[in-house]
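The two complexes that follow have chain A in common; it is paired with chain B in the first and with chain C in the second.
Then we have the complex of A and B:
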């Protein structure tokens, strides 16, 4: 049995401490991002997620500068940015991309400055890669409780608000008529999104985090229209992508060209894209069969 | 500050700003901010591949910018455009990180590609940069009318028989070309700031297209000059000053507009 597994799992995979941490953190984060991401896709907030994530890059680099764990930097910056975006009116469809874009540009500029200062005054290397592209294998095991707690908070908020959130995402007017405060629901959702983005940034890096949030959700929404099922499916797809990333990256230590492992974030992002494109092909073949049957 | 290799920065920077100001105006009018953010990030993989293969960085940047622009265009027609944009963007960044991890100078190279480098334009690249800039401005001038109409009034354009889809592809290719020449100096992450900040400020000041383009170009040139001078003086990354100056010019644009808002109907 063990010999059969060797081609898939390189020797030492199941006993390695960093792998355990990576799988624990990656699984929790992928489930939450999957569930929260469904609403980001339905609401058309991909760019908002991308902005929160890039603002997180500035926060993550500050935390390197002052010597905090990067998760807190991602989180503080994300929550701050969500508040600002809410205040300048993220709901207005026209001009909101522009406002998000300006916030995004300015904070990436700040990230550049902070990372420069880290490199200059601390002399530590690895901050740029660590903040922007992340590495699941480098996550400190002591971060696990915080990650799990934040996952529960974020998933809980969205779970509690699921019905009003869905209604106000699909038809704000109808939600308003039913007495739902669309703005309040939107603000709470933006907060949950900011927490998930911070978790995603910790997992696959600040400028790649959007992939874990948007990709599995968009894939799931292609396969099912039912919101609850889409959230579950999206979480499962995210977990699959993270696991595939961890396994492939661990195996790649034995691959060319340098024998030091390919970045785990690359594999996660690549699996997400493969799932998304694959779901398009799958959905089209299913759709084709169905319409052929109808005619 | 104005000698030796810095001359490259000033000359290339000015050309880059003219192109970014022009192309950026259409980005803002069309509401394609996300795409303008994604295509430069796609080029990151190209620069990484070029340095791995030892070829001219502009070649890698050009090929990958075009690939990601066309990839976004292709995937967008088969699903939600913003999802397609986000996924192509992150995949290309991940691919770039992979390519760079094969090389020996991982960290410094990643940093200067993402955030820009005053000395990023070598003399070998100066002429191609100028040529690309000329091509960009020429293409925009040639398709100025249809591009404006499809950007501002898509329905009218359709009624006149202008293909909105074709203009979208033309626009994406122009963004890709502009990206190719801008990345070595400003970096993939902050190029976007230059393409959004100055044009958005210009649009806030005037609604007429040609004066807005002129103002946008002027603001972009001022932004890049300030950024190059400040980066040279302090040693901080160019990208920081580009991001900060762009945000400031946008803020001034908003302030300029605020008292006048009631006086005339606003378009956005």
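Then we have the complex of A and C:
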């Protein structure tokens, strides 16, 4: 192997099967989360995303209990929760926050129960870490086609609806006046959000999933004032964060405690934070220069 | 004479079971500049929402060109400038993007960059004098600048009727005057009927062809000379009201008579007296 690459990519990185799966799943998920996350930030639905994610935790733990791939548990629970949230009326922000908060607490309680049952009956404790904090290297390669298909559907819906979504986020009345069905657009978006949240939960865990959804989007929104560019940039930032996470986590097998490896989710979330802080500093310095030039 | 551009016939509307509009009838002719004047809670926003099709009336009819309006809003015929608007500076939207959304915001997918689209956006920006801040984020603009951009957003679809919900509410007097004269110019130049709600009549006095006064869900309409008179407004408010004319401004004052609804009355006199001072 090239001597220069060794300090970055530990031996065996490029030939490892779990690394390939992790990169494939992580890249697809980061792109779709980037695009969908921009609208979660613009529409002020970060908290809704967090709720969907926590309901997904309950679903993911059930899937461990019955021996199903965790993605389907995340997905079914998230889509069900999105439907309920839509039915009980997400128009009023206060009602929305209260409902989300109550559902969120109950779901994590259920997840605690199911994970306890998994540990008791199956004698494994890996499920708890897997569901709550993710284990990208443990994703079954057979999940890749489903992950890619769900990513395409979710990103496709948001890409297709981006103009009506933008307009109804700015002012529902303005959108109505242009003949847009604000309710329909909002419901479709919530579904796309639920799918993205499930994908993010599979990648970095149900607890951390929203970090991949909101972090890159918030970073991109500081750097560009163009809606389409924000979606692309947000996806790119998410991909970089996931790649950095995979590489560093693989490398960490050589770090203390030797032979264990640090969690990939930690590195992904840490990279997201580094990008966000960097963009905040950059945006502030640019803003400072601009206002100095104006006066 | 052909049918008016917009006609309301005995429109009644409720909001949460409470009657908000009662037997509202009036008409707007093509190219007319009409003010909708009333205090907070008089029913102005509900009336505009009924015209737009955002709120279903319990009875009566809304006719556009003599025909009942379609249930779904139709992009194009009626332009709308809402009162409430998201102001978050984080939203990645330049003024020119918002104007473009007025043209094709209901379409799917990405806007195809075309010369025609670009030219129409530039023209709409120029019509409201917004070229200098066309590339700034909408959330970073001042209230008056945002109003201009929203007017361009509504105009780019070439509507024949432009509805504005309290566009002057959050503006200082100077910016408010500029917006009114801009609307007046646009109305005259392009034959667009303008229907603008406000809680004060004075900023609109020079521009209005017709006024619709609204109080507790009832309206009185006509030219300002016909409507802004003591007898008409007293009948509308259900109590004695004096109309004073001071240096070309109007002050509406509740009389000493029977204060049927002191709360609503106080707001009205307070608001109008303030502009006159």
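Going forward, the second predicted complex is superposed on the first by the 292 of 295 C-alpha atoms of A that agree within 3 Å, B and C clash if a C-alpha of one lies under 4 Å from a C-alpha of the other, contacts with A are read in each partner's own complex, and residues count from 1 in each chain.
By our rule, a contact is a pair of C-beta atoms (placed from the backbone, for glycine too) under 8 Å apart; a residue touches a chain by one contact, two chains touch by 3 or more.
Owing to the predicted nature of the structure, the values given are computational and were not obtained by experimental measurement.
In the superposed pair of complexes, A:141 makes contact with neither chain B nor chain C.
In the superposition on chain A, contact of A:162 is made with chain C only, not with chain B. When the shared chain is aligned, no partner comes close enough to touch A:12: not chain B, not chain C. Touch criterion met: A:41 reaches chain B and chain C at once. Judged by the touch definition given at the top, the superposed model places A:179 against chain C, while chain B stays out of reach. Counted by residues of chain A touched, the larger count belongs to B, out of chain B and chain C. Residue contacts after overlaying the shared chain place A:266 against chain B, while chain C stays out of touching range. When both complexes are overlaid on chain A, the residue A:278 reaches neither chain B nor chain C. Shared interface residues of chain A, touching chain B in one complex and chain C in the other, are 41, 222. Contact residues of chain B toward chain A in the complex are 28, 31, 33-34, 36-37, 41, 75, 78-80, 82-83, 85-91, 93-95, 97-98, 101-102, 106-107, 110-111, 114-116, 187, 189-190, 192-193, 196-197, 200, 236-237, 239-244, 246-247, 250, 268.
Contact residues of chain A toward chain C in the complex are 38, 41-42, 159-164, 166-167, 169-171, 173-180, 221-222, 224-230. Chain C meets chain A in the complex at residues 49, 52-54, 72-75, 78-80, 82, 84-86, 88, 90-94, 97-98, 101-102, 104-111, 135, 137-138, 153, 157. Of all residues in chain A, those touching chain B in their complex are 41, 44, 46-47, 49-50, 54, 94-95, 97-98, 100-102, 104-113, 115-116, 119, 125-126, 128-129, 132-133, 207-208, 210-211, 214-215, 218, 222, 257-258, 260, 262-263, 265-266, 268-270, 272-273, 276-277, 280.
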